[in-house]
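Two complexes are shown next, each including chain A; its partner changes from chain B in the first to chain C in the second.
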Partner chain A sequence: MMAWKPKIIAFTCWCSNSGVDQAGFEGFKYPSNLVTLRVPCSAIVNPSLVIKAFEEGADAVLITACKPFELRRIAPSRITAARVSLLRRLLKTVGIEESRVRILWISSNEGEVFAKEVSEIVGEIEKLGPLDLRRKMLEQL
Partner chain B sequence: MSSSEKELRRLARRLLETEVVQLVIGYEESEVGVRPCFIHKPQEAERLVWNPECRLNLARYLRDLKDSRVGVVMKGCDGRALVELIKENQVDRRNVFIIAVECNGVYKPLKYGSLRQERQISEYCKRCEVRLSPIRDYVIRSDGFAFNNASDNDEKPLNWLSIFRKCLRCMACIRSCPFCYCTECSIEGFKPALVHKLVDTMELFTFHLTRALHIVGRCVECGACESSCPVEIPLTRLYRELNQWFKENYNYIPGLSLEQAPPPLVFKERDRT
Partner chain C sequence: MKKITVLLCTCGSTLLDNIDFNMVSRELSRNPLVKRIEVLDGICKSSIIKNLKLDAAERIVVAACSNRLLEAVFKSLLSFSNVEFVNIREHCAWACREREEATSKAIRLLNGGINKVVRSNPPQSSDCLGIVREAMVVGGGIAGVRCALDIANAGYRVYIIEKEPSIGGIMAQLDKTFPTLDCSICIEGPLLSEAGRNKNIVIIPNSEVVSVKGRVGDFRVLVKLNPTYVDPEKCNGCGECANVCPVYQPNKYDVDLKPVKAIYCPFAQAVPLKYVINKDHCIECGLCMSVCTRAAINLEDKPKMLELNVGAIVVAIGSDLFDPRHKPEYHYGEYDNVITNMEFERIICASGPTGGVLLRRDGKPAKRIAFIQCVGSRESAPGIEECSYYCCAASMKEARLILEHDRDAKVFIFYNELRAFGKGWEDLLYRRCLEDGIVFIRSRPSEIRRSPEGNLIVVYEDTLTSKRGELEVDMVILALGFKPSNRLAKLAAVLGVSVDSQGFIEETNAKFKPLETKVRGVYVAGTCHGPKDIVESAVEGSAAAALVISLFRGGNVRLSEIARILENKCAGCGKCILACQYDAIVREGDKVRVLESICNSCGACISSCPQEAISLGNWGIEQLASQISGMLSD
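Let's look at the complex of A and B:
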């Protein structure tokens, strides 16, 4: 049997997606079990989609966003931060570890920071173990 | 007949006779307890009742009656729901005459086959602190049934994930909720579909969590969803947990004042996180 590897979905906004690219260009290694999805802005990530990702088998969801103080517009980062905070509270309520939803502030030139942070996150999720939502839902009442 | 019920009927008749309102929404007797009724004529006012069976939220109907002047019987939680609807520009306050009835808690829905004598106050009514609607045009004090305020604090943490599994996806919670008024529901109308009509256990997780996220910060814990649920999922408790987040972060409790705007609608320059 193959060793379990965490499956992580990352919603990356345009700016931080070029940060992810930067990590590739400069040759920094980050774990391969991260799937990046580029979205126009971090504030467009519908919390329902994060929940859907968990339902479909993701072990953790990562949202990377522009740093609030570097962004020209203030609202998107504020919205994302508030949403993630609420989402974590919701997951905690229903009995899922809240550290499975992560937010990462990345600028477009921070490839190295991204690689380092992601490796840390993957390590943490590996410690938490698989989410295994199906088994949790089918547990006896 | 209690005196509050008598007063309610007299008021409804008077309002219709003097044409202050065109329609009064209240509760009437039916085979299984009470049901909502719509009264257009003064002589029909005798149908109105007021008792602990009146657990439906009548604020639900006001959105569909935008163009007429409506008198409506409101409990504390119904009034809070109306406050939120007014803030969301769904109801015009000038068209509504609020008959605020003091509420002492409503009963749990009668289970099929159980006795009528063994009625209990609902769980969410034990937690309730607002007995009278925050906005009102006329107040009727209750004198009838007694209210047992002994709230039991030994609430066990629930295994929500396996509770969600009981869900039949009948959408009764959506139909009864005063805030679920979107014409394009994101649960039923999302393309590609977020939740399908076929019963897949995993999608119940998405369904309930998405609904919770759409309701928090507005939910007034009226218990309409919980009491209409055929499998008795304690939804109000879930929404209450999340309302705590709004209370902690924004000091906002939904439905208490018309002035305080809902936090997601407010933008402050200093909110830089």
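Let's look at the complex of A and C:
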């Protein structure tokens, strides 16, 4: 039996996706159990997609977004931040730890920051253990 | 139903060590959706794609490098096919420690891509937009002026937005240029007046960019014109007003070393040659108004706003120099004879405060002079980490200037590494410096002290001999490094472009898209993009001009998918209007409408819509949910 490893999905907005590229370019390594899903903008990530990821077996969801002050208007990052904080509170009420939904402000040059933060997040999720939402939902039935 | 083609790229076989492609192919072939798998050796070679004979109706998953690089390769296919890019290089092969890890991550990423493309809709016919064939250059230094001239000479109108009363930038302040030691303003002056005369160039001095809306080909830029209290249309630059003005103020052009009147023209070669009033010093006596025959002066002048519609923007606002007050060990601002290299340039210049004689503040001539290199560069704090590029050559030039003025002077240069890499720098600068007897000492001095006689004592350790030393000199010149200006961060935020870790504007790709930014249609040139010298700045100015011209010549711009509103679903609640950061959605009747020319395809509106009435290409919830389940399946 292989040791359990968390599955983490990261929605990366166009700009922070370049930051993830940069991590690769510069050779910064981070745990491979995080997969990246590129989206045009963090605000496109509907909360239902986060729930969907948990349903499909993700142990944590990460959204990487532009730093609010780097945008012409901070609207999208604010939308993302507001949604994430609301979602975290909602999830808590059904027994899902808040720290399983994360937001990370990454500029398009911050490869090193991304790799470092992600390594820390994966470590934290490993401590939390598996979420296994689908099994929990079946038990509820 | 098998319908998907998967193209796996080994990046010229370099990824074979990181990813087990046989294993990936084997896994994918078990997926019932996959029809064809090709392992290719460098998908970016045009012949390879041609030989594949891809069908337009196919759904394709490309697993290779970053989408930023691939989109250009697949440009012709993208307009009619369903193509999904999976990044197995930067996000996978180069980011994983072990081969097995990378292989299983690649399979996950690919499953996500396959699941997404199977739900994708074919692209809607691309929208083409006309472009406004006028450009804006922000900053009128050497890079900006060179850029504006090149665009203007190709037949397009250019606006130069300059914050100072005259264009010219730092180069206009220099005495001589390296390596040839020719007069700086004598070279730049004609270029400035050429820009001033050019019918296609509109110079807007005393102005700044306030806001930018729109997208490539159609930017709407709001420019603030700061009041100058002199009508530039009426002023003919005669200078009668300055003759009668009773108030003196420091001149920024002369680094505050030489006074000018409160109504002034910064320097003789200024373009445009118009007088301006500094209201901080003006006492509103009205003498200038009484002598101005053209009634150009209006002390009630107010800031004005101007909206310009341009197709491309070049950022060339330059950089500031490091403030040496942040290095208290050098006592700049405290000891009179510690000066910056910019102050030196004005002092040694024949039109400067001392008429070109190197005098100390106490009026004595400076005979023994030391240069300290890398002040504010090549250290993590308080300056920047990067080498400032210009200062080794500049200090050698300045050392030779001192000797040209006074053969008996003794010059010492405290350097860390002497970087004389440019054309003619070794031959015309370094070797001649050695011949002239200039002493090079490899050290970053730890302190400057003051002797009782008012001389300066440089305390240093020679890192070649490991010996400590103290050197008594009359004057110390600090070679300041570049520092991104505060204005740069502000402008970057207004434009939506990003800055790098040092604070300079970040390019799309340092190697092959060095002057393009994150925002299409916004280019960068000169020192706001990293430290460089005059030659390099001019080169970048011309190169940015070429990019603008090719955008203007290339016909209409083709848009990526833009947000579309399904009218029968839209309830007209207007939540999308608030979510759009580009003001691209407007109310129309009881529904909303997307302004095609402004939409930036970000998709913020989609998830704000409670009716799910907005779509943006293949970024809908259906496709993304499918991609998620692919990525997480075992």
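Assume the second predicted complex is superposed on the first by the 137 of 141 C-alpha atoms of A that agree within 3 Å, B and C clash if a C-alpha of one lies under 4 Å from a C-alpha of the other, contacts with A are read in each partner's own complex, and residues count from 1 in each chain.
In this text, a contact is a pair of C-beta atoms (placed from the backbone, for glycine too) under 8 Å apart; a residue touches a chain by one contact, two chains touch by 3 or more.
All figures in this text were calculated on a predicted structure; none of them were measured in a lab.
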Between chain B (first) and chain C (second), which, if any, makes contact with A:134: first, second, both or neither?
first
Could you say whether A:23 touches chain B, chain C, both of them, or neither, answering first, second, both or neither?
second
Could you say whether A:62 touches chain B, chain C, both of them, or neither, answering first, second, both or neither?
neither
According to the stated criteria, A:122 is in contact with first (chain B), second (chain C), both, or neither; which is it?
neither
After superposition on the shared chain, which partner residues are touched by A:39: those of chain B (first), chain C (second), both, or neither?
second
Scan A:94 for contacts with chain B and chain C and give back first, second, both or neither.
first
Between chain B and chain C, pick out the one touching the greater number of residues of chain A.
C
Have a look at where A:52 lands relative to chain B and chain C in the superposition and call it first, second, both or neither.
both
Overlap of the chain B and chain C footprints on chain A, listed as residue numbers:
48, 52, 69, 74-75
Contacting residues of chain A [partner chain C, same complex]:
7, 9, 14-15, 17-18, 20-25, 27-30, 32-33, 35-41, 43-46, 48-49, 52-53, 56-58, 69-76, 79, 107-110, 115
Touching residues of chain C toward chain A in the complex: what are they?
66-68, 87, 89-98, 101-102, 104-105, 108-109, 112, 212, 492-496, 498-501, 506, 518, 578-582, 601-604, 606-608, 616, 619, 621, 624-625, 627-629, 631-634
So in the complex, which bits of chain A are touching chain B?
47-48, 51-52, 54-55, 68-69, 74-75, 77-78, 81-82, 85-87, 89-90, 93-95, 133-134, 136-141
Quick check: in the complex, which residue numbers of chain B touch chain A?
157, 159-165, 186, 190, 194, 201-206, 209-210, 212-213, 216, 238, 241-242, 245, 249, 264, 267, 269, 271-273
